């Protein structure tokens, strides 16, 4: 039953993406992107990835859509140009998809408990993380403690984006004086 | 947008609950879904909500630019600081066992401060992104063409 | 104790960046960047000597054992790269002050130094880590800071160059993550050493081959492997001079390291070079790169773009060494990481001096007319570095090409030897275009300004001298490279 | 049912990747390219997290009365990937805004024409 729900949600996501690829008006693409991100968050909840779903909803759907709308407002984008000669990019993308499809054949089936990812590193997290770190939410335990260095790197990535946007969009001192500090 | 009475009243009512929810998500991360990233975004959303309703200058008065840029940097320094503290106390980098008397208490303490650092940085970045993009709206008129409009 | 040093090597620049953003002062930012660069060089040398004696160094971050926590692993190959990246940083950072001051608006200079520290931390983090996903995080750190550095370039084209590089770089990083995902799904672990062990007994090889394809194309985009190099000429030509000098000597080299790490320490080289035509593909692409890129360089008007295309050709020599896949080929490839890094670093630092004195607009081949009279030392330095590009005996470039030819002869690939010589001749043509303009063409009237500022000139000449030094005393460059190559080949065969 | 579901999530991931790549390469508008890039990045989420799910399992939060949990490790990795994706998007949009001000347009062909004319 769960697999049915997951597949249904995945299908709606596929429909949104195809609509987005064909859409020309920029504003509707941004709105569709917001809807797409929320659908992804729903699929993630169905896949029992609750932390990721919350992050996708808050960071993925919330912030990305707001930024896209702000940038679209600044660049005044209503794309008039039709999609021309998409065949080469489509062929290229399908080739890359084909390589992934080829690779995917050999992977273990859906929710197979004997798959390598369920039998090597993860069992120790599920068995001992709560005891060792005192945190029942294993994702937070792994995120902050076992792989804490990844999260430090990630925080630095967010910091780099923030400082980078300051460097790019900060208004010059003289121009900045006229807008109320 | 800013002179509409209903919106201003609603905004004032909603603001505290949004901030409390952000703090809840930050500290509830140990027991349920949540953590620094989500909390940072929700806290920033509250201030952005205020800035949209009451105007960007009001938003800048609520959280001045210098404070936001400081939050941005202090979050990362806090996180790396916890790591270096572990180093100083005799463990490896980012070692939480040595942060407190008992290993588990050390882990809890380490995870708490690390998530706080993440929350601070993410909130700072999201606020700065909004301020930069929104502040840029006025730039169309003032920006000159030769790419110096930075 | 030495393990902490491997950690501090990456954490110091990582912490320096937020400090710089907190202090918001350009002078402090430059000082912090310089101190951090020199400390990293000292640590890198200390690590290299430790690894030379005691072998591979492993450090569990957070005191969690390897597959569960993240592990830093420094072996002869990564020690060699750490020294290369820190050496370039140590030479470029102290002299960046005047160049950044001239090309980046005043209120943004401290951010440029913050991005420089982040890029350094990202590159060092990529080299030192033994964890596949941690490698992705540090690829992103170095990539994002590089996009910002390029976008800070003086001309408006820098923005388009940064945008193009961002698109291709992010597609590359995403392909890398897909490749690592397939490997993770097959082995259950993210630690590179652990993954290598578990890959040996994988029955179904289809996902492994798909992962190989994704990682090769993904990292190929990051290192500008021949058909995936479109972003490099614009990015190097439009970035501020000191940024180009630093990137040209380090960014693509660390991506080559990542490719080598996966080819020799994760995938099974027998399957890789035996059953799959990887060797042939690399040789084909490399030869194409050296010939086509050198040919395009001959027709370039803009000097920085000319040498950027030359970088694409020189990266072709590095990947050629990988394709030849024997000890001397691999040693040549690793030695060229250092040799080309110094050569290209010297050229872009000296061009930075010219841009500072006469403005970025004069960096065309005709704009360099009469440079020898106006800036004699800079011109002389450019000649030495140019000779090293061509591979004239007595320069660092010759050492690499000589070993590449040896490697090719061992494999009986006569046509590869011919291609190396042909591309060197083409390289001679475009270097001669610059030298001829600098020495034989008359200087435009009224241009009598003096030499580049002492600081920048010293950096450029130091690198140029290193080009000659490593042409004669190859104990460190070829010695270190040979040891790393044997470690790679012995470790996996 | 299981075999169909077994790889269905992969086929959707491939569809997302193909759609993202096509948008990225075929579209001329710089903003549309960034959205294509974002979609390409989201295809990675399914590749990591779908195999982590165990039918009948629950979220990896240890609670009495639950034995089967989905795999926490891909969740941590994808949390990182989402935040990196947003960081790249924010930087990309900042560059697009600056390109718009410097060139007056965000259509790739117009920009290239301006550059050739400018040379």
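As written, the chain order gives the labels A, B, C and D, with residue 1 at the start of each chain.
Note that a contact is a pair of C-beta atoms (placed from the backbone, for glycine too) under 8 Å apart; a residue touches a chain by one contact, two chains touch by 3 or more.
None of the values given here were measured: they were computed from a predicted structure.
**Q** By that same contact rule, can you tell me which chains touch chain B and chain D alike?
**A** Per touch definition, common to chain B and chain D: A, C.
**Q** Quick check: how many Å separate the C-alpha centres of chain A and chain C?
**A** For chain A versus chain C, the centre distance works out to 30 Å.
**Q** Between chain C and chain D, what's the gap in Å when you average each chain's C-alpha atoms?
**A** About 28 Å, centre to centre.
**Q** Could you grab the centroid distance between chain A and chain B? Build each centroid from C-alpha atoms only and quote it in angstrom.
**A** From the centre of chain A to the centre of chain B is 20 Å.
**Q** Using CA atom averages as chain centres, what separation in Å is found between chain B and chain C?
**A** A distance of 35 Å separates the two centres.
**Q** Which residues of chain A are in contact with two or more other chains?
**A** Within chain A, the residues that touch at least two other chains are 50-51, 55, 59, 63, 67, 70-71, 74, 96, 100, 104, 107-108, 115, 117-118, 121-122, 125, 136-137, 139, 143, 145, 147-154, 156-166, 168-170, 172.
**Q** Identify all positions of chain B at which a residue touches two or more other chains, and write them in rising order.
**A** 31-33, 37, 69, 72-73, 76, 80, 83, 93-94, 96, 122, 125, 129, 132-133, 136, 139-140, 146-150
**Q** Scan chain C for residues touching two or more other chains and write them down.
**A** 14, 17-18, 21, 61-62, 105, 108, 133, 137, 140, 144, 147-148, 151, 156, 159, 178, 182, 184-185, 190 - these are the residues of chain C that touch more than one other chain.
**Q** In graph terms, with chains as vertices and touches as edges, which category applies: line, ring, star, complete, or other?
**A** Shape = complete; every chain linked to every other.
**Q** Using the touch rule from the top, collect the residues of chain B that touch chain A in their complex.
**A** Answer in residue numbers: 25, 29-38, 41-42, 45, 48, 57, 60, 65, 69, 72-73, 75-76, 79-80, 83, 93-94, 96, 103-105, 107-108, 110-111, 114-115, 117-118, 121-122, 124-126, 128-130, 132-140, 142, 148-150.
**Q** In the complex of these two chains, what residues of chain D are touching chain B?
**A** Within the complex, chain D touches chain B at residues 59, 61, 79, 83, 90, 93-94, 97-98, 101-102, 104.
**Q** Going by the contact rule set out above, which residues of chain A touch chain C in the complex?
**A** Chain A residues touching chain C: 96, 99-100, 102-108, 115-122, 124-125, 145-150, 152-154, 156-157, 159-161, 163-164, 166-168, 170, 172-173.
**Q** Within their complex, state which residues of chain D touch chain A.
**A** 1-29, 31-32, 34-35, 38-39, 42, 45-46, 49-63, 69-80, 82-91, 93-98, 100, 106-107
**Q** Chain D touches which residues of chain A in the complex?
**A** Interface residues on chain A, with respect to chain D: 2-4, 6-7, 10-11, 13-14, 17-18, 20-21, 26, 29-30, 33, 36-37, 40, 43-44, 47-52, 55-56, 59-60, 63-64, 67-68, 70-72, 74-77, 79, 81, 83, 85-86, 88-90, 92-94, 96-97, 100-101, 104, 107-111, 113, 115, 117-118, 121-122, 125-126, 129-130, 136-139, 142-143, 147, 150-151, 153-154, 157-158, 160-162, 164-165, 168-169.
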